[in-house]
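Chain lettering (A, B, C, D and E) follows the sequence in which the chains are written, and residue indices restart at 1 in each chain.
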Amino acid sequence: MAQVSLRDLVKVYGRQPAVRGIDLDIQDREFVVFVGPSGCGKSTTLRMIAGLENISHGELLIDGQMVNDLPSRQRGVAMVFQTYALYPHMTVRQNMSFGLRLAGLPKAEIEERVARAVSVLELGPYLDRRPSQLSGGQRQRVAMGRAIVREPKVFLFDEPLSNLDAKLRNQMRIEIKRLQKALNVTTIYVTHDQVEAMTLADRIVVMKDGLIAQVGTPIELYEAPANQFVAGFIGAPAMNFFAGRVEAGEHDGLVFRSNAFDAVLPTGRFARLEIGRPVVAGLRPDDVVPVGHGVPPTGGIAATGIVILSEVLGGESQILLRLGEAEVMAKMSQPRPVESDERLPLQLNTDRLHLFDAETGASLRASADAR
Amino acid sequence: ADVPLYHDKGFWSQQFQVVGDAAGEKTGVRIVQNSYAPPEQYKAFVQSSIASGSPPDLFTWWTGQTMNELVATGQVAPLDDVWEKLVASGEYDQSTQDLFKVDGKTYAVPFSVARWVVLYNKKMFADQGLSEPKTWEELMAAADKLKAAGITPFNATVQEGWRGFIWFSELMIRTDPEAYKGLFNGTVAYDSPAVEKVFQLWSDMYAKGYFTDPRSNEEPQDFARGKAAMYLIGEWGEGLVDAAGLKPDADFGAFIMPNMDPKLPSAVVVEAGPMVVSVAGKEKPDIMTALNFWTSVDGANVWSKASGNFIGNTKADAPNPTVAKISADMKTNNTVAMQRWWEAVPPDLQGELVAELNGFLLNPTMDNAKMIMGRMQALNADYWEAKQ
Amino acid sequence: MSALSESDQKLLERIGTDRIAMRERKTRRRNFATALLFMAPALLLVCGMLLYPVLFNIWLSFTDWRKFKGLDTFVGFQNYKRLFGQIYFAEAAFNTMIWVVASLVVPVILGLGIAILLRGVRFENAFKNLIFLPRVLAPTAVGVIWFYVYAPTGLLNYLLSLVTGETVSVGWLYQANTVTPAIIATHVWQTVGIVMVLLLLGLSAVPRDPVEAAQMDGAKPWQTYFHVILPILTPTLVVVTIISVLAGFTAFDLLWVMGSTYPSQRTLSLVVFMYFEAFQKGGWAFGGAIAVVIGVLVLLVTWIQALLQARAERMVR
Amino acid sequence: MAIALDRHNYDAIARAEATRRKGGWIVLGVALLVSLVWLAPFYYLIVSAFKSSTEYAAGHPLALPQGLSPIVDNAIRVWTDAKLGWGLVNSALYGLVGASVAVFVAAMAAFGLTRLDFSGRTFWFMLIFSGTVFPFQMYLIPLFFTYQQIGLLNTRAGMILFYCAICVPFPVLVLRNFMAGLNREMDEAARMDGANDWRVFFSIVLPNAKGPMLALFLLQFTWIWNDLLFSTVLGNTPEIRSVMNALQVFQGAYTSAGPNIAMTGALMASIPTVLLFFILRRHFMAGLSVSA
Amino acid sequence: MAQVSLRDLVKVYGRQPAVRGIDLDIQDREFVVFVGPSGCGKSTTLRMIAGLENISHGELLIDGQMVNDLPSRQRGVAMVFQTYALYPHMTVRQNMSFGLRLAGLPKAEIEERVARAVSVLELGPYLDRRPSQLSGGQRQRVAMGRAIVREPKVFLFDEPLSNLDAKLRNQMRIEIKRLQKALNVTTIYVTHDQVEAMTLADRIVVMKDGLIAQVGTPIELYEAPANQFVAGFIGAPAMNFFAGRVEAGEHDGLVFRSNAFDAVLPTGRFARLEIGRPVVAGLRPDDVVPVGHGVPPTGGIAATGIVILSEVLGGESQILLRLGEAEVMAKMSQPRPVESDERLPLQLNTDRLHLFDAETGASLRASADAR
């Protein structure tokens, strides 16, 4: 139950910057997820907040208090590690109560807190087992329990689910979501799995090379990515990109022209468009709709793709197509079998087209925070 | 009061303690024995304590050159005053005192005086109608007769790696005692004719099959088991044979080996075990009390009863029939004591030379002997050259 | 570390590298102080009881300390000169080399053979324990046992008599040409166990998949061993090799006990030679010089090991 | 959901397969042969210890002993001549104290070397480890004289002190590797739970290193127990000397204990370590696996 | 280029059966995928085909020849392992040529074959690297290259992608598909990832407890699962199940009645339905359509769900709802944010309802192979 503020946080290893200046205000009870490719500095940032790494530069404030130089145990934070980091020689009960015992809490209180966490996490039957006698999911829950009993102001998670298999990961994801809702504690969660990010976060922080690429709600990031990096990173299968340029169209309008397709650009959606400017257009696979499958887009343009490969996933398939000279991924709902080289009529939902500066990758949307 | 006695004779530590306790009872000064093993470590211990100026008060040592080195440090006390009384009382012979003299002063009292004699199997001798040989010829005749009867005459091995010199020194003494003495000050070479003669004799005896397999590790047991009829060993070996099952007097007797040249005076190798007192120890009355008890008739009796060892006190009881007989023989023959090769040879050469002699036992041909003589002399010459 | 980009350089300038470095140094200093406390007992023991003697030894090898004489005169390289001029030294060094090579080659080959043989055989554990068992015996005890096994009337000759049908009474430990092989055989009997166990551990750590891949690739069992398993095993082999070499260099107890009747015992190895010169003859400084020579040789081997190991690991990891 | 799982009699199939598979017997045969070679000296040792001196000399080496009584005589002789009682007590003391102190000290050092971040860790490690790089013979002369001078020669304290020291470097090497492999996040979790360095060491790292520490203890204990070199040099009076040193009595110049006695001594001195090995062999093997 | 036939294949470890009797005919050039939960015997079956495990019972035929007792190298099969199983001490080139060198092929031929594989797999730049110097994806490609150069009659894959991260997995999946099309070799592929199974397979073999649960094309399995196990296993998120019973409805029709919903059962779709029979109904999340989102089903019934949890995935969200007394997963396309406890009108596409025997789990469809 705390606000966390990061002010120009920098971490330098030797002379090599790992985190290059992060500014972020996390609200009380907010669930913030850090995502980004491997090595972008997510864990380092989290560990600075946890007090496991020195802060090279900048300030870290918890509830307005500067905590740069406080040791972890005085910051009121608790962390769940990727490897769970359970104490292998202690039982579940001992693992959960270790911190409380160190803090010298009365026995009764310790027992009560552990009991409460155990009932929330349904760990009752395993209390006297060692971590090695637990399954991955159970260990994960113990790690959470250990964090919970300390009743921290801030929860930190570093890829807590990445060691679980797909099924369990889905299940635990839902549990974490439920738990956070129930406990209502400020939470910072690191992952490189975008499904986790999308489903868990109140706000997502996308990081790249030690910097924030964009902060926003999941829908904001999906609908209005601030740059090509975020656009490509969020959403699976990934957004299709087309290099092209802006040209003059009819009625004073502008047209995007590429070797895949040409599209009239809706007025008002984009800013700073000059004729001749090289840009990259983005179109999500959901917006490349095979005619007769799925909701036909109201606007958009027709085109024909040549099937390269199709992957049926049951309720939908993903189809890799050749469109002009480019390759495009399309989603087909209520799928039918398609053959290689089959010509597939498409409707491109260009109303939802994204445009990025070809050089900087910055979005060219009129207002980056408009829905 | 307790006085410590340091020694390296671990196998006699109980026996030492028996004497020590007796001393305590009799004089109020109890000797407490401290045993060290193995001998190298013991030497190192004494050497280093002397180097650091704090030697033990009372400890055992070796005679001969090893003793000379120790005396040279100036840290052990002469005991001539003690000996004056010992000889005067008639308990000890002058010749015994001589064993412990360095440059005219006496630096030790004995804890053991063992003569090197031939033990013989009485039953075998009787079976072949043999009696104690009085001359070299008789000895050889006896050997031939035994050999003919399928009995190996002599027991000799390289057991434990130090026994190689036994027959060499005995044969030297029996053939040329003067040359024997010359070996120890560099005046007689190990490849001189006198030595070669001994090797020839020795080798011939081997060729005639006079000796047992040198590789046995059970020398006393072998003798007890009848593997050989005669066994050249220090008197202390008597107890070992006894323990192995052959009883002294009843089963085996002892004689001093005769000289080859009957004109030579009767001689016997005497191995003396010295006990020395440090300069500081000499000043302590308790130490001297202990020492006096040790050399007294009482002390000698306790010791000989416990260990079977003779310490040279002629008024004390002989510890066993062998000692009694040899003492008597020596008296009648005016036998002179000779230093053992091991003590007489410079310590730095001991190990290497005896190794060569062991090598001869394992391959007792004259060819090998020649090589061995050459190598021994090379070592010897090096040593004396470096001494210059 | 890759070269810093321009923007990173600017970043560092902006935040000031000195302050960061200072903070890191402070943390490290604090950590170091704590670590030093944790290491203190070990450091005291090692420096006081092990490193001090080594330095002492090096110093004394340059003096003429012997027998009753104190440690005072510095004589330079005199001991070393004398040492290298001695034929016993040459003999001992030569025999040490034989020891080292034999105690390297034989246990490793034999250990590997037995390890391969025993893998997955029925009662594997019983066999393994049996072959390892000599290792827990004291070398002294092993020496005593084998001393009598090799005695002229001992077990070995008895068995040979059974085989040949006539009386054999070879004095294995008394002859120049058999004494070293005989003691080496004992050494092997004692050390193969540990080599085998280490190799078995290594073998069980060899991932099953590449072996099966080789099988799929058409390799016959021996080809699999030769081309896949052994190369993957190289790091273990290096460790085992070095353990064996060091054991060979410093072996003393067996040589001491079993060589006690060999006429030229002190030449059996450098270590025995040193023990003789120092403790039997009281040549402390001279013995110290021999110890230094052994030390240099061992360090050399250890250094080669480090190189080999680094290479082997680079190859496989 | 019931799918019929018992389509076949799988036990029968397993049995049929087992009979089909041959081979393995040859390997087993060779293994048996090899183990015979390994066993023979043990057999020889044991039967010899059961023989009297005459019996030993009379029969062939493999002959079974005629009775059980000689071993009692042999054992008594060994016991009294070598003062084996003291030897066993001393060796046990040196082994227990030396090995446990050394392993604990090594664990502390390994913790400092692996779980705390500071520069020059390799140097400090090498400094400690260099203790065993040199051949042991280099320690002999200096230790002997230094001990002599400061009065530690032939004292239990001196023996223990040395064994503690010589048994430190190897465990440091092993435990350093082991602790480096322990999850560092575990420490971090403990620190976040409020533990300081000592807590992390005692409550977190130490309990997790129990396995290798026990194995190392066993290895070092056997090493101390079996050591002859140092025990002959540093502790030589009967009350101080170790069991291996005590057995040296049977190699003295004036004793002539026969093979049966010597072997009885070897047997008696070996029994404790052999027993230890059989009881705890899994830990021995575990120790080797961490050291490799 | 071979047919592979499994005739009652059994594997017993000790006394414990791992594979309990598998009958299967794999056609020339067919891509067959084995899926199933962990421990169901997939790998064991594959390893028996590979010759890495003895066959306890039954027959294995390749091109009609019984190969039970042939060693791997004589079976003409090549395998790609989950761990890649590269030889760590050999370079990429040596790894790929090892088998050919063992076979004693002429040098020129070896080089040519390797070169061909290298160009197909784009491994050129890495030829002289050791496996340790390669990334996961590159190692995976080397493992495939090693199999390709041997020009086997049958390719075997054992979870070749499970050690890769999600992005790379998608990418390599497509590459494998392309490769198999190009090489046209009979392929047997083991995975427990159903997306891989759905997208790669000509036919999928679903295994359970050492037996085959169903064999069929991906669409067949999705549309017409033979039993509840397959129905639940194939498709993500998993099919919703509702326990209920068959009752008499209007006009002589039959009705499915449960505590979640009641539905008229279409005639002709199911067989063997008696009134009062306890059954389990299945409905895929795709067929639980929030009104106004996605293609509204033509038939079906209306219902109202109460939102428990929603997970936005960008182009769609998954919503966990309470429906009557049951929990149901629904898919919402073109998602909008929903609140917890919001009441969401739904259309249940009961035309696509599945029914299973409550006891045996067998499908009650009229004709199990009808689409």
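Basically, a contact is a pair of C-beta atoms (placed from the backbone, for glycine too) under 8 Å apart; a residue touches a chain by one contact, two chains touch by 3 or more.
Quick caveat: nothing in here was measured; it's all calculated off a predicted structure.
Note on connectivity: the fewest steps through touching chains from chain C to chain E is 1.
Each step here moves to a touching chain, and the least such steps from chain B to chain E number 2. Among the pairs B-D and D-E, the greater number of C-beta contacts is found at B-D. One finds 28 Å separating the Cα centroids of chain A and chain E. Rounded to a whole number, the gap between the C-alpha centres of chain B and chain C is 43 angstrom. Inter-chain spacing, taken between the CA centroids of chain A and chain C, is 55 Å.
Averaging Cα coordinates per chain places chain A and chain B 95 Å apart. Among the residues of chain B, those in touch with two or more other chains are 41, 44, 52, 159-160, 217.
Shared interface positions of chain D, i.e. residues touching 2 or more other chains, are given as 145, 233, 251, 259. In chain A, no residue touches at least two other chains. Listed by label, the pairs of touching chains are A-C, A-D, A-E, B-C, B-D, C-D, C-E, D-E. Of all residues in chain A, only 10, 12, 14-17, 20-21, 54, 56-58 touch chain C in the complex they form. On the side of chain D, the complex with chain E involves touching residues 1-3, 5, 7-8, 10-11, 13-14, 16-17, 21.
Residues 207, 209-210, 212-219, 223, 227-228, 231-232, 234, 315-317 of chain C are the ones that touch chain E when the two sit in their complex. The touching residues of chain D, counted against chain B in their complex, run 53-54, 57, 80-81, 144-145, 148-149, 153, 232-233, 236-238, 241, 245, 248-249, 251-256, 258-259. Against chain A, in their complex, chain C makes its touches with residues 1, 4, 7-8, 11-12, 15-17, 19-20, 23-24, 27.
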